[in-house]
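Chain naming follows the written order as A, B, C, D and E, and within any one chain the residues start at number 1.
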Amino acid sequence: MTRLTRRAFHQLGLGAALVSTASGRAFAQAPEIVIGAANPMSGVFAFAGVEGFEGGRDHFEFVNRAGGVAGRRIRYVNEDSGYRVDNAVAIFTRITSQHQTPVFFGDSTGFQKAINPELNRRGTTVMGGASFASEIDNAQAFPNQWIPGPNYSDQMRVLLRYIAAQKKGASVVLVHSDTEFGRDPIAAAEAEAKRLELNVVEKIVTQPGSVDVSGDVLKIRRRNPDYVIFHGYVLQPIPEFMAQARQAGMTSRFMGTFYSTDTVLMNRAGAAADGYMGVSCYNFDATARGVQVEAIRAANVGKTRTHAYYQGWTNAMLAIEVLRRTLAANEELTAVNMMKHARALKNYDTGGIFGVPVSMVNNSFPHGRVYQYSAADKMLKPASDWITITAGA
Amino acid sequence: MAVEFIDIVETSLAGIGTGSLMALTGVAFVIIYKATKVINLAIGEMLMIGAFVFYGFSAGLALPIWASVPLTLVVAALIGGLIERTMIRPLLKDNPVSVFMVTIGLTSVLIGVVELVWSAEPRRLPEFLPSQPVLLGDAFIPSKTAYSFVIAAAAMAVLITVFAFWRGGIALRATATDRAAASSVGIDVPGVFSFSWMLAAVVAALAGILVGSVGGISSAMGLFGLSVFVVVIVGGLDSILGALIAGLFIGWLEAMVGRFMGGEFKLLATFTILLVVLVVRPYGLFGTHEIERL
Amino acid sequence: MRVGTAKQSYAADEGLFKTDTQKVWFGLLLAALVLFPLNGSSYWMFLAVLVMINVISTTGLNILTGYTGQVSLGHAAFMAVGAYTVAFFDGRFGTPVLLNLVLAGAVAAGIGYLVGLPSLRIKGLYLAIATLAAAVILGFIFLNWTPVTGGLRGLNVPTATIAGIELATPDRLYWLVMPITVVMVLAAKNLFRTRVGRAFIAIRDRDISAEIIGISLFKYKLMSFAISSFYAGVAGGLWAYLFRVVTPESFPALASIFFLAAVIVGGAGTIVGGIFGAVFMTLIPEFLKLSATALVPWFPDASIYLAPVRNIIFGLLIIGFLIFEPMGLAEMWRRTRRYFALWPFRT
Amino acid sequence: MSPSDSAAPVRPPAARLDVENLSLQFGGVKALDGIDLHVEPGSITALIGPNGAGKTSAFNAISGFYRPKTGTVKLDGVDITQVPARDRAKLGLARTFQNIALFRGMTVLDNIKLGRHAHLTSGVFGAFLYWGRTRREEMELRAEIERDVIDFLELDHIRNVPVAILPYGLQKKVELARALAMRPRILMLDEPVAGMNREETEDMARAILDVRDEWGVTVLLVEHDMGMVMDISDHVCVLNFGRRIAAGSPTEVRNDPDVIKAYLGGSGDPRKAALDGAAMGEVA
Amino acid sequence: MATTGDLILEVNNIEVVYAKAIQALRGLSLAVPKGKIVALLGSNGAGKSTVLKAVSALLPMENGLVTEGRISFDGETVEQSAPHKLVRRGLFHVMEGRRIFGDLTVEENLTAATYALTGRSGITPDFDIVYRYFPRLAERRKSIAGYLSGGEQQMLAIGRALVAKPRVILLDEPSLGLAPLLVEEIFGIIARINAEEGVSMLLVEQNASVALSIAHYGYIMETGRIVIDGPTEKLVADRDVQEFYLGLAHKSYRDIKHYKRRKRWLS
């Protein structure tokens, strides 16, 4: 009995090995341009990774249908990083060793920081990523990377400026997770609040993976702040937090940054998420006009797409734009050349993805807008105008 | 900032509420440990799969609560039995570290299964607990905390009563004391093993439904098991009473630390307690001290 | 049974390699390691470096868990200590690479020694949980001791530079990591030819009788913790030079389980088992990923659906080995060798 | 060259052991109650008694595994009661166990080498390099063990076999070999022939006598096999219920009425007594 | 000694191996006739307990395996049976060292033994029979069993067997660690149970004299095989038995000759 099953077990292993070796064959090299990506298709960030991947994929299909970039088709090579730095580095190394890869999409702050010295050393690949980390928004330290939107600190600034415009001297509570991601913009947010004469009455740090918010609700119930801003969550505790806060008689408004504002997840949360406000640089307005937003709608009939999808799409769009400009200038696809054209993006029309023409400042596009979720319509509705963060203003 | 008395009371009550869920999951852990001497690192994931099965019935198939809960518990029992039969029993005679490692592998398998079927996205369970907050004097208790505490307490009361008066409880305790001797008096020991895993899976699933209803569900919710681990070590691996008391205590401690020191200190506090207990009383506060002889 | 290769002296019988065949195999392995970079793929070089780092770390855990019988769930935290040490010294003082690596090992060994202290009172799985607690506490220190660890941002690591040559790519780093790996694995093998290694095994097999024959449990358990952490520290240091950034999230708790799984899948208590385990566990996810990629032409969404499948297979591998092949790959390797040794005359 | 052609083994002098008023308790149950025991240097002394009489407890207290409640243990007149077990090994106290306590995962040779652990000095750095002093020490150890122990006990054919797969009798012998490798001055054997057949018992008895004669070691043993004990010991001490009930030469002990009673129980016939009792019970 | 039809238990030429390597029994046979007490004697480690565990199918729990031979209980083979099913068929093993459930009370221990009645219709648990044979247990029925004295624990162990209403009881070293008087008392009760309840017994003992005093038939084993057997009267009269097992004179171990030592080589 044991021997038989052991044999079966070995055969299983053999089978897996055969499948593996049969793979990995490089496809015929056409004059394609390969764009690589490590996306977290599994793990806690899979919800964003899958959307982000599909956003990129759909954009490249859209470009390829229109004949590609300067007649060259785009080949998008994506692998699952599982949101782990070493996996992502391995993926980067493999894809770039198998193909010339002028552009690569990173999956996380950790990875983008880890790979940065290598990017700078190589000078052959530029990177757009899923990270909005303030640290990466630094053209000196990260000369070959861009952020497809405002960094987390700027996202906070957008929210705080909106608050300041709504109510002078409003009280604010910051709730963030105890991760690198979660702590990123807190210091900047406090400074901005001080400048705007807002009153940060409490900062709450939660353990990653912690699901019970009742203690935290209690913590701020008696203060009943005007606004509560979440950062560093993949939505999970937010609807519950709101529901419990409502039960507790609080009248605060709840807000969040990019990944904490996800349409699909909020649709699932339903009524509990009603009224939640989030910052985004992307145009979720159903009536928005532009080539790109219309292409998105065409590719997603009957589907609601999230931030992450727009972020994937935007990264792809920026990549294509950079490639187009570099090739049009008849220059080699080196990092220096590509980033030169990237940094030359001033008042660039994003085809409706951003509501305003955008300019690259440092490595990011510091534009944003506050949306409010309507449970009845199952969508995010604009709550503010486009706000552009400029230094010192 | 002055600490108000009412603040302490409210935080304590909320902590005890969470603690009751840790205690319930801890009881599931202890049932397995008592009967099979297996340290089940996958207890958090068993809780998770219970919560997702409930999600499948209540949200996926849109069944009413009164049908979803029993169905979930039945499915959980089957899963528990399946795990015991296929992964645990073949190794029971081997050294305990092997079985422990199997439960680590099981962790990975269960997370994979959940992500395969439901994806890794966090989800919310349908609301089924009353949403009126509970007021104890001036102290405010969030409704879900209050009701899940009541349900967890009731479940534990039922379990304790059953173990005290039902003959099967004696069989379980006899098996825990001495497998060979239990076998020699006619107790179906493999049956007891299966039963204990099934029962533990049911208890864990119930805890999962409650934990999920409070904080939503995701493939990462097995992390809850980490705190449960601390609970059972502090209480004593083989003591149901220990799991109860330590569960409430750890829940309370986490709430107090979170409230007055900040959330980043929660794990530090619990694991420091864990370390202290391990060094001072390696068998836990209520666990059985096994005398080692030559 | 192998037909006798009679030996003339005890020295030959006590040798590192007991037969000529073993020496030949080892020579071939060294040659393969030297020639490997000829494959020219930087991806393979990256993987090779990663595999060897994992081999060092797994060998360290094997010394503690496989040979001394003390289960540790905090091994990755010691790697993190090593990585931070390298990042700190190289980044702050620009000290030489080899010194940094020795420091990485030494600091990790020191902390390992401290973490081992509870092992004198608690055993088995309780000890495993104590190491888990230690890892959590170390993680808290990494996150909050900002002046040294860079807090949540972590530290950047300069390129490893030896004699003016920058080892910036895996292709070059290979020539640093490979010799270190060979030396450390051989050192571990040597360890178990002497009284120290025997004392470890004695403690694993039966700690009470070890004490009776005069082995100080106190000394040797802690020594095992320290040596194991030293290996982890050096591996972590090399890891830092490979990834060039160290953050509190670089070494999650899951990584400790990865190494434990590598020890088990490879075969606990054999040096070759640690190597097999590290190689296998590092490459399996890569192979699975390749499989998923291969399926894309037929199932465009394969990479989405196969991601959780990878988790499942990972878990099933651990379970499968424990149930069907508890002695691990090392035992399968031994059987294979025996089979071929007798090959035309099957038994 | 043959490994056994070297000088005679190192022979430390035999030790004297004195145990006085030794008591031991397990959670309220008295395992030993004021035992006295005197073992002459170079003698074979046996500790006997029915199951549960406290023989093994006495052994464990003497070898330092249990801390006695009262009493002293003296080795050559030096009080070692407070010396931890592992340090007693260095003083020349070696023992075997009732349930074989070999290291099952290791070979016979490694098990025996471990016996000498406390006498070796090389440290961890030497071990990594396996060079210089460490290498020399290991080589000397090997040569010495081959000559003094493996040859002496005729274990050469199994030296590279893992102990776990050896038959019981051989395991017992390997344990003796390991104890000898400790260069004992007093050798404590816990049931050395338990479970052996006549032939194996003879072999072991011979080995014990040889060890005493050739190594000049004091031997203290616990044994059930009365026949063997009475034959090979110089002195016998009988325990029952944690007390010493007799001590003296084998002949003296054999004829002691208390000993006969302890071993044979009462003189009556339980079946008959029981049936009588039952009959009486029915009447009453 | 008897025809097969009269045998409740028959062990035929069995071999037992532990951990796939250590052979514990080598071709051992014995038989227990209905209604009789059979004693199995031998020194420590001779394999007596192994025989009982092989019969009651508890061997696999200790990583042992019957590799050869056949064991039949009441004409049916037992090898493939789960131990608890054997108990329910009426074969009860009172294990060495008593193995009572120390955390449970006396009564709960007896309740646990009622699992032996599962599937046997028409039998109701009867604790009174236990208290009748062992009145001392009746007084302590609510006590935690772990706090009983050694003798009381042995009584409880036998009491559990009584609750199970077996047809054969395997008794492993009931005298272990008990004072002589108590041994006599307990053996007396064992003999009574045999006589009054008609239960057959296979009794393993180191204390040969007390065992032979109540047994009808005896086997003596050494290192895994039977060396002598016969009705008790015959055994007690046997010189070898007197010599080796009842502690009387024999040829001295001092006189065994030395084997000549050879020079040896490494292999």
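Convention: a residue touches a chain if its C-beta (ideal position, glycine included) is under 8 Å from a C-beta of that chain, and two chains touch if they have at least 3 such contacts.
What you see is a predicted model; the values in this text were computed from it and never measured.
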item: Most remote chain, CA-based centroid, reference being chain C; value: E
item: Taking each chain's C-alpha mean as its centre, the one farthest from chain B; value: D
item: Length of the line joining the C-alpha centres of chain B and chain D, rounded to whole Å; value: 49
item: Averaged-CA centre spacing for the pair chain E and chain C, given as whole angstrom; value: 51
item: Cα-centroid distance, chain A relative to chain E, in whole angstrom; value: 73
item: Distance from chain B to chain A - Cα centre to Cα centre, in angstrom; value: 35
item: Residue list for chain D, restricted to those that touch at least two other chains; value: 3, 65, 97, 101
item: Multi-chain contact sites of chain A, meaning residues that touch two or more partners; value: 42, 46, 50, 178
item: Touching two or more other chains - residues of chain B; value: 115, 120, 264, 267, 294
item: Residue ranges of chain B touching chain A (in the complex, touch as defined); value: 4, 7, 10-11, 14-15, 17-18, 115, 119-124, 131-133, 140, 142-145, 211, 214-216, 218-221, 223-224, 254-255, 258-259, 262-264, 266-267
item: Chain C residues touching chain A - in the complex, by the definition given at the top; value: 41-44, 46-47, 50, 143, 152-154, 156, 159, 168-170, 243-245, 247-250, 252, 285-295, 303-304, 306-308, 310-311, 313, 320, 324-325
item: Touching residues (chain side chain A, partner chain C) in the complex; value: 2, 5-6, 9, 12, 16-17, 19-20, 22-25, 41-42, 46, 50, 53, 78-80, 82, 84-87, 89-91, 93-94, 96-98, 110, 113-114, 116-118, 121, 135, 178-180, 183
item: Touch list for chain D against partner chain E, complex; value: 2-4, 50-52, 151, 154, 156-157, 160, 164-165, 167-168, 191, 194-198, 200-202, 205-206, 209-210, 224-228, 231-232, 241, 261-266, 268-271, 273-275, 277-278
item: Interfacial residue positions of chain E with respect to chain B in the complex; value: 56, 58, 60-63, 82-84, 87-88, 92-95, 99-104, 108-109, 111-118, 160, 164
